[in-house]
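Right, one structure below, let's go through it.
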Amino acid sequence: MKNQNLYNYILGIADNSLILGQRMGELTGHGPSLETDIACTNISLDLFGQVRSYYQYAAKIAGDKRTEDDIAMLRKEREYVNVLLVEQPNTDFAYTIARQFLFDVYHFMFLTELQKSRDVTLSAIATKSIKEVSYHQRFSSDWIKRLGDGTEKSKSKIQNAIDSLWTYTDELFHQVEADKVMVGENIGVDVTQLKDNYYQRVNAILTEAMLEVPESKWFQKGGKEGVHTEHLGYLLSDLQYMQRAYPNMDW
Amino acid sequence: MKNQNLYNYILGIADNSLILGQRMGELTGHGPSLETDIACTNISLDLFGQVRSYYQYAAKIAGDKRTEDDIAMLRKEREYVNVLLVEQPNTDFAYTIARQFLFDVYHFMFLTELQKSRDVTLSAIATKSIKEVSYHQRFSSDWIKRLGDGTEKSKSKIQNAIDSLWTYTDELFHQVEADKVMVGENIGVDVTQLKDNYYQRVNAILTEAMLEVPESKWFQKGGKEGVHTEHLGYLLSDLQYMQRAYPNMDW
Amino acid sequence: MSEEQIKNLETQFEARIARDEKIEPKDWMPEKYRKTHIRQMSQHAHSEIIGMLPEGNWITRAPSLRRKVALLAKVQDEAGHGLYLYSACETLGISRNELYDQLHTGKAKYSSIFNYPTVTWADMGAIGWLVDGAAIINQVPLCNTSYGPYARAMVRVCKEESFHQRQGYEIMIKLANGTPEQKEMAQDALNRWWWPSLMMLGPTDDKSVHTEQSMKWKLKRKSNDDLRQQFIDQTVPQADLIGLTIPDPDLKWNEETGHYDFGEINWDEFWQVVKGHGPMNKERMKARVGAWERGEWVRDAAVAYADKKQNRKEKQAV
Amino acid sequence: MSEEQIKNLETQFEARIARDEKIEPKDWMPEKYRKTHIRQMSQHAHSEIIGMLPEGNWITRAPSLRRKVALLAKVQDEAGHGLYLYSACETLGISRNELYDQLHTGKAKYSSIFNYPTVTWADMGAIGWLVDGAAIINQVPLCNTSYGPYARAMVRVCKEESFHQRQGYEIMIKLANGTPEQKEMAQDALNRWWWPSLMMLGPTDDKSVHTEQSMKWKLKRKSNDDLRQQFIDQTVPQADLIGLTIPDPDLKWNEETGHYDFGEINWDEFWQVVKGHGPMNKERMKARVGAWERGEWVRDAAVAYADKKQNRKEKQAV
């Protein structure tokens, strides 16, 4: 492939949306209220829409026969490079919201910068996506506040979810080789520069929501190198089932 | 295939053990006590052992290149002919025990008859398996009694599980075409003859366990024709994952 | 009010409906009109909500990204339909929680078709093509029904349903023109969904209750048997076109009547499913009630938060 | 007892151990001996129990029936080992529930290696080959340890572990001789499990506590560094034999010492995982505690049933 770094860089962005979209899609029909059900389905829909744009572009760059679906559904687990955060399960609505919130704040900052990419396709996808992600961020932040400043029970549940998922936040700001090369070419976003703002913004909302900001300084990583938690394998069995069981067919 | 009916007949027996074995295997490491954990793993192990004997025989009858693993892991959902009972999920330990009990009583009666099969391989598998299944039956019956005659909570949970799964018992005694042909050839067991004894035995143990015998006369069916509940698909995604993702390899 | 006054109001009311005027929430209406509408509209709303489950079952396993996006959008539309219909229902003075309660306790019904399992991807095609197809035939006349909020909700619902129906048929076309395995999958789905879809149009006319009154109120404009015939006449050529076979050996074109004759429907199965003994009745209610119960603390938190916010505003205002 | 009497008993006790006599549960023993044994044996038991989880993760997805059966049998053996070891521990006057409580509250440790995720099937091979391999090197000397019940449990455990180790290596052979994808999977697993396996043999001798006392009691017969060297010397040729590469650029045969030299171990990572910050520490405890809590009503029922049965017997006896 002529531009393997760009290809890898796109997957690094898109895999996050793919896996988070899949997690949100699991909830359809099972939400705590009709309104949240619609919102979660909508987030899933937006994310998969973005995923298609990214993978279509990646397929074009690859320049061989591979399609968006091949990229989405026919890689091995070790080839998915999403951050560990997005693959964490829907333990309960608090985990779903905490995961979404911790990702949305990053996602919004990331897309804001990606709009300035020298790569016009990526810049265009970012511009289109940021409107959606701005809504996601509002939705998840509002729920952080509702749960944090709601009842004793909801406060304890959302605090617990934030504490558990906190360990996966640092990885958002790690760089793999392709990231560094793309930053050098003014195509990629230098995520290391987003970190301070990210924690400021997250901490501000948690504080407004009457929640404690976790103090732990121990973080997990591995997703960006394809070493995932044990949750991802099961998600992929479902995601890939049809493409694996019925190879080379049109749908 | 020369003997399609015998092949289908074997699958009709073995698929039950395959799917129930898979369900019991999910629990390994997650049981309510070390002793029950070992017992459930052991049941899974026994069932998969039986499955191998049956599918190896089926592969021989098919007489083409297919292997036991192809039969176990490379069929489509609509081609699995296990009864609906065995695919029901491990909702909690009460469901696990109730499912096992309702199957074990049948399984023991079935193998008792299968020992008399004119087909020496099936008869031999039955003779080997019945010792194991006799232990399964003792284990699940004992737990029915412990839970039924234990605490208020356990009684209510096991009653609820029995009530929910009862609807899947009648299908054990349905016959598909291959069953009828094999009965006619003195190879297969006439399951319709087992029904009265089955309910007598089940009812006796439920009564001894201080439980109510469900009165519902509405039963579900479809598994033997390959029309399953929505649970089976997810079980198959995991069961088949490796064979689908890495086709035609030795392990 | 005297009996005479009521009689008078009723006469005016029926006259308005006859003149095709819309009845609005604040208008006077007979109690029976209100109750019948609550029953029908809520049943419709519940069907949208329960209907999310069989299709939701394939979201994580959709075979391509394009299909996954379309399926998500479709199920989201159904949730949206539920939302309009519940709102329309609330205009008649019943709360959403009361409606949910009726659903969760089994007091209210929903369309029985959703008590069948979705066992292959092709079921997403069959549901769109057949189930939404039958639903549209039931629903299009309701765009002109007498109760304003219901009629307006139905205009929107029908527009989207018709899109879903085309999308479902398109899935079937793709499968029917695909590999032998895909074609088999499509035929199998048609085999399993055909008869339940015919049953969706309701019991035969001689077994149907409420019909006359419903006709007058424009809650119903054709009989069940007429609707069923319309569905069959419309669907059979669509199956022919893509080379799929309707699983009815008695099905044949009748030159004389200008309609298809068709085989006997297994009404025992229909009533069994209606009574709660279908393959998935228990599972559907378990999923629904489970989601509702697991969501209680979330809804409580939202209420508590809104109350606190309101209190703070009031304090600031003082 | 006077201090002198105790001193006397201690001297006799140490002499018995020196003579290679076994200490049995009813024998007198120093409190420290008892405590040290409870700590080590329970840690070993807990490791067997937690060790079921990473391998249990692949039971539903094993690639062939033969491998599935072998994996089930292996994990079942581990549960069995846990059972003997807890029983051996109980002979020292501590109950199983107390031991579980220590595990579930994080007071007791278990082998850190189980805090890494099993991400591919090849990890089943790597765990058997490397993790069980390292465990055997730790455990074989314990077959001659001074405490009778522990020594006897270890005889049985070691026999089975050695079978598991061969089974694991056999999985790796198959993969290494398989398709390029399979070989890559095997190499990747070796890359991920190699260093954690070296860490399993414990901190370097200068950082290790309790060693001298443990040597005397035959709870330990070689130093951690010696055991580690033995493991490396044994494993490197096995990797060579199947064409896999140990992920250590500094690894080379040293003619002079007759051993392999190897690169520096990342002890920061080791201590991080020991302190609970490994990739899976939280997940493992969540799974364990979750199973225990979900199982409470089951255990309660078993106790209640046994009590009722006992009461009935007593009543009949009266």
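Chains: A, B, C and D, in written order; residue numbering restarts at 1 for each.
In this section, contacts are C-beta pairs under 8 Å (C-beta built on N, C-alpha and C of every residue); 3 or more make two chains touch, one makes a residue touch a chain.
To keep track of the chains, here are their UniProt names: A, B = Phenylacetate-CoA oxygenase subunit PaaC; C, D = 1,2-phenylacetyl-CoA epoxidase subunit A.
Every value quoted in this text rests on a predicted model; they were computed, and no experiment measured them.
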Each chain counted as touching subunit B and subunit C at once: A
Relative to subunit A, chain with the most remote C-alpha centre: B
Separation of mean Cα positions, subunit D and subunit B [Å, integer]: 35
For subunit C paired with subunit D, centre-to-centre distance based on mean C-alpha positions, whole Å: 58
Distance between chain centroids, defined by C-alpha means - subunit A, subunit B (Å): 41
Touching two or more other chains - residues of subunit D: 61, 181
Two or more partner chains touched - positions in subunit B: 76, 233, 237-238, 241
Interchain contacts (touch definition) - all pairs: A-B, A-C, A-D, B-C, B-D
Footprint of subunit C on subunit A - complex, ascending: 22, 25-26, 28-38, 41-42, 44-45, 48-49, 51-52, 55, 68-69, 72, 92-93, 145-147, 149-151, 153-154, 157, 235, 238-239, 241-243, 246, 249-251
Residues of subunit B touching subunit A in the complex: 76, 233-234, 236-238, 240-241, 244-245
Subunit C residues within the subunit B interface of the complex: 54, 57, 61, 117-120, 181, 188, 192, 272, 277, 279-280, 282-283
Complex contacts: residues of subunit C adjacent to subunit A: 49, 52-53, 56, 59-69, 72-73, 75-76, 79-80, 82-83, 86, 121, 171, 174, 178-179, 181-182, 287, 290-292, 294-305, 308
Sites on subunit B touched by subunit C in the complex: 76-78, 164, 167, 218, 220, 222, 227-230, 232-233, 237
